[in-house]
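Right, one structure below, let's go through it.
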Amino acid sequence: MSDVIDEVIPQSLADRGVKPARPPKRRSKGGRVSRRVYVFLALAVVVSVFPLYYMFVIASAGATAVTSIPPRMYPGTQFFDVAAKVFDTVPFFASLMNSVFVSLTIAVVSAIMCAMAGFAFAKLQFPGRNLLFLIVLLTMTVPAQLSVIPQYLIVSGLDWVDTLQAIIVPGLASAFGIFWMRQHMATTVSDELIQSARIDGANSWQMFWAIAFPVVRPAAFVLGLITFTGVWNDFMWPFIVLKSPELFTVQIALKQLQANRTIDVALAMGGSFLATLPLLIVFFFVGRRMVSGIMDGAFKG
Amino acid sequence: MKRSSTAIIATAAALAVALTGCSSSGGGATSADPNAEVSFWSFTGINAKDSVNEYAKKVPGAKVKLTEVGSTTETATALTAALAGGKVPDLVMIQNDDLPKFVENSSNFIDLRTLGGDNIAHDYLGWAAGAATATDGSIIGIPTDVGGLGFAYRADLFEKAGLPTKPDEVAAMWKDWPSFIAMGRKYTAATGKPFVDNIETSVFFSTVNQVSEKYYSPDGKLVYDTNPQVKDAFDVAVKTHDAGISAGIAAWSSGWAPGRANGAFAVTVAPSWMLKGIKTDAPNTAGKWRIASVPGVGGNWGGSVIAIPARAEHPEAAWQYIKTMMSAEGQTDHFTQSGTFPAATSAVASQSVLDYTDPFFGDSKIGKVMATSVQKFPSFYNGPDTTPINGALLNTLVQLEAGGVTSDKAWATALHSAKQAIGG
Amino acid sequence: MSTATATLSRKQRKDPVQKATRIRNPLSERIAPYAYVAPFFIIFLVFGLFPLIFTFYVSLFDWNPIGKQTFVGLRNFEQLFADGRFWNALLNTFGIFLISTIPQLLLALFLAHLLNHARLRWANFFRMALLVPYITSVAATAIVFAQIFDKNFGFINWVLGLFGLPSVNFLASNFGSWILISAMVMWRWFGYNTLLYLAGLQSMPREMFEAASVDGASSWQQFRHLTIPSLRPIIVFSVIMSTIGGLQIFTEPLLVAPESGLTCGAGRQCQTLSLFLYEQGFGLFKFGYGSAIGVVLFVIVVLVSLLNFFLSTRTRKAR
């Protein structure tokens, strides 16, 4: 507001190269956050959380809550009854275990696979490297599901229909993961370190495990989290290849809960909440790392 | 050279495994042990567990591994997927709507004549057994049940509207569809509320199955677009809509179950397997519902057969299950326990079926109503496209009720989407 | 096969005695990079590239997985382009894409702008809370949104009723069901995109914003002249990702109207291309026809990617 700054700033904004002299932070207006900002953010938080809350309300409030007007807005006491019914109607516990097994396997194996490939693309020289990396980038933009029919033919040719490996093996190849790990390898693993290891006679395998991987382990962990979330929530492919209820992942079990001949809304809502709960718990502990991981990835991309 | 060939060879090997696997799947040794563990795919909601337990009691030492795959459609989808490549069950239930496309490719199933099926096939209602017989005479399934049809109505609401309440009187009053619509007008005028839940499942499913020829001519030609009987059946549904007596609540949509409980409509179609659903959806209406014959009387909705896939591991054991449980006596027992109506001719005519009543439905003569409907059910040829055509006509009626189509355009729209559905 | 042996031999060479030989004979070192990327490419070839090519092949057949396979040339495509259901699905896919993407990205920009305040308290709480939808599965989202938007007992219709508005049967019309599905898509992704944009903003010197506010630039002016231009690359990236995601919308329309099976409404009001592909391929087991839909989807992806590519290079030049 002061006239002096008024003269300086517009130009500096216009050509954006010049940094204005930095005024002392305490006095700067940028430091004060207006109440309106908090109101908007709080609204966004309410919108984010409301559907989950609503699942719990309907699941816990008993049969009449679904058809009450005005809609019921506070939870009841019957959540455990509905939860018991969920476990009774479909093999929900087995589904949870299947989801944990599949998600965890893919998350861990694929994170290591992607770290290896990312290491090769970022730190090793080899003929065809750029072409291969271009292919990786291109595969990111082609949705796999447009070729589900041949994928199904292949899986049935391998006799993998209705097995968990039909989900795990194709799920291991993650173009996004390779891209992600390559960016982290390129920016956080120093070339000097690699060079000196090479001079010391380390082979590339040792360089990867002893030097590169420990440095990018946090990034690999976040990648694993993102992969875990993605696999846990995946629907279409498991829906196509899994046929026996005892092999269902939790999302497919949800579909079955919902499709019961006469729709029991509370049951479906209870199932939805229970299917989300494990991730919510994980998120409670590692959410901050996930947030910063996603922001990190965006910045590097 | 060597480096790049590495990847190519590895890939080719993987692809080879994938491709050769296509042709090598299947086969496998079959076992003739009648007490080998039978894997059995059934639907949810028909209490297959009871049958399996009953079987274990009847045949000591027999083992059945039951899987309730999902809805009838989901089970058919899973079965197709398994037949295309995957582990098939030894026994599988197929709902009648899904049956034609399996019958058309009958080599996927064991011809039950080889196990003695031709000796028992004539024990079942002719049209039910005929639906599971391929053109070459092979029998791919034995009828487990049929969808005996009645209308469920709320006697208490009828009384308030000044309509008769006893099933016989009600059935006499709606002896044909014009009288049904007239009755609905009376009800709606008196109460201000819709009479029937919807026109597609409650009206059209009933009318379109009271024909002598449906979507195909007896020699298997598509006639759905020219057959006047189909158009008439469709028109009854449209007229019901135009009369303003339908609530427009589609079956299994969100308002349906609550509507059964809160009187949003007074009449709903009630194939025997659905009676249980009315009880669970509307427990507070116990004693208020009645079951009467549908207008025009004959009818069937649903029903299934049980089949043995060609690649089944234990066909003998599977056949033992069918022989034991699909007897007239076995089907009668299952009807009284879980509501699926028997397909065996002698069971349909048996006293214990005819006398079946339920206090929830005011002790209406459920067994008698259902038996009459399946006995009067006309038989007609169903082809592989029967279900898609049915779905297209049905969906047009749903749209009509939702306001997406007008009454005068409904038939044209229905034909158009049926044509698309069968890809012609 | 030989990739596996290469890996093995490298493991054995951890023995220090062999170090000298390796430096002289670095064949394994030259193969190693390929071994690192091989797992991805093998799986990609078998489950990605090969199926993609095979889709084109199957699309030329009348392919019944439990019956016959007959070569029909381009007949599936002729039929597809004459099929009203296909155009309907295409329209729905793009309708949902437009309604869900544009407001979502604007909202995300706005929220990112708010979150970028230097002195914001509880910043981590806000960020985490905004990511909650992202960890909720599409299936659960569809189930709860179907209830929130229910025509009889839904929360939204109750709110409309408070304002004296008639209740809306969202699933009855194309446009209504687009709104319903778009709401799910928006809800799941707006927080994620907010974080992407926030990351972009934070990579800019904060002084720029501080200086601007000191200068008296209003929040809106900052947003318009600082936030948007500097985020352009990330915005282009997120538009590409949303487009590709939009073409894959499947679970929402499948689960939001369970009573109508695979069509999402009796009149296919919200059947997307992916769901149409599934209906033909795995509902009716018309593998050839379904693959033809897959081929068309592929062509659309290529066209959209090219369009995005040209747009982004143009904006880069414009700057």
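A, B and C are the chain letters, set down in written order, and residue numbers restart from 1 in every chain.
We adopt the following convention: a contact is a pair of C-beta atoms (placed from the backbone, for glycine too) under 8 Å apart; a residue touches a chain by one contact, two chains touch by 3 or more.
Predicted model only: the values in this text are computed from it and were never measured.
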Most remote chain, CA-based centroid, reference being chain B: A
Chain whose Cα centroid lies nearest the overall Cα centroid: C
Chain centre separation (chain B, chain C; CA means) in Å: 38
Between chain C and chain A, distance of the C-alpha-averaged centres to the nearest whole Å: 13
Of all residues in chain A, the ones touching two or more other chains: 66-67, 152-154, 240, 259, 263, 265
Residue list for chain C, restricted to those that touch at least two other chains: 30, 34, 41, 46, 50, 65, 147, 152-153, 258-259, 282
Where chain B touches two or more other chains, by residue: 3, 18, 81, 84-85, 252, 254, 258
Residue ranges of chain C in contact with chain A within the complex: 7, 10-11, 13-14, 19, 22-23, 28-30, 32-34, 36-37, 39-41, 43-44, 46-48, 50-52, 54-55, 58, 65, 110-111, 114-115, 117-121, 124, 126-141, 143-145, 147-148, 152-155, 158, 187, 190-192, 195-196, 198-200, 202-203, 205-217, 225-226, 234, 237, 240, 244, 247-248, 250-251, 254-255, 258-259, 274, 277-278, 281-282, 287, 290-291, 294-295, 297-298, 301, 305
Of chain A, residues touching chain B in the complex: 66-67, 127-128, 152-154, 156-159, 161-162, 240, 243-246, 256, 259-263, 265
Parts of chain A lying in touch with chain C, wherever the complex brings them together: 1, 5-6, 9-10, 12-13, 16, 19-20, 22-23, 25, 28-33, 37, 40-41, 44-45, 47-49, 51-52, 54-55, 58, 66-71, 113-114, 116-117, 119-121, 124-126, 129, 132, 135-136, 139, 141-154, 169-170, 172-175, 178, 201, 203-206, 208, 229, 232-233, 235-236, 240, 251, 254-255, 258-259, 263, 265, 268-269, 271-273, 275-276, 279-280, 283, 287-288, 290-291, 294-296, 298-299, 301
Contacting residues of chain C [partner chain B, same complex]: 1-3, 6, 30-31, 34, 38, 41-42, 45-46, 50, 64-67, 79, 83-85, 146-147, 150-153, 169, 172-173, 258-261, 263, 266-267, 269, 282-286, 289
Footprint of chain C on chain B - complex, ascending: 2-3, 6-7, 9-11, 13-15, 18, 73, 77, 80-81, 83-85, 101-102, 104-105, 108, 250-255, 258, 388, 391, 394-399, 402-405, 416-417, 420, 423
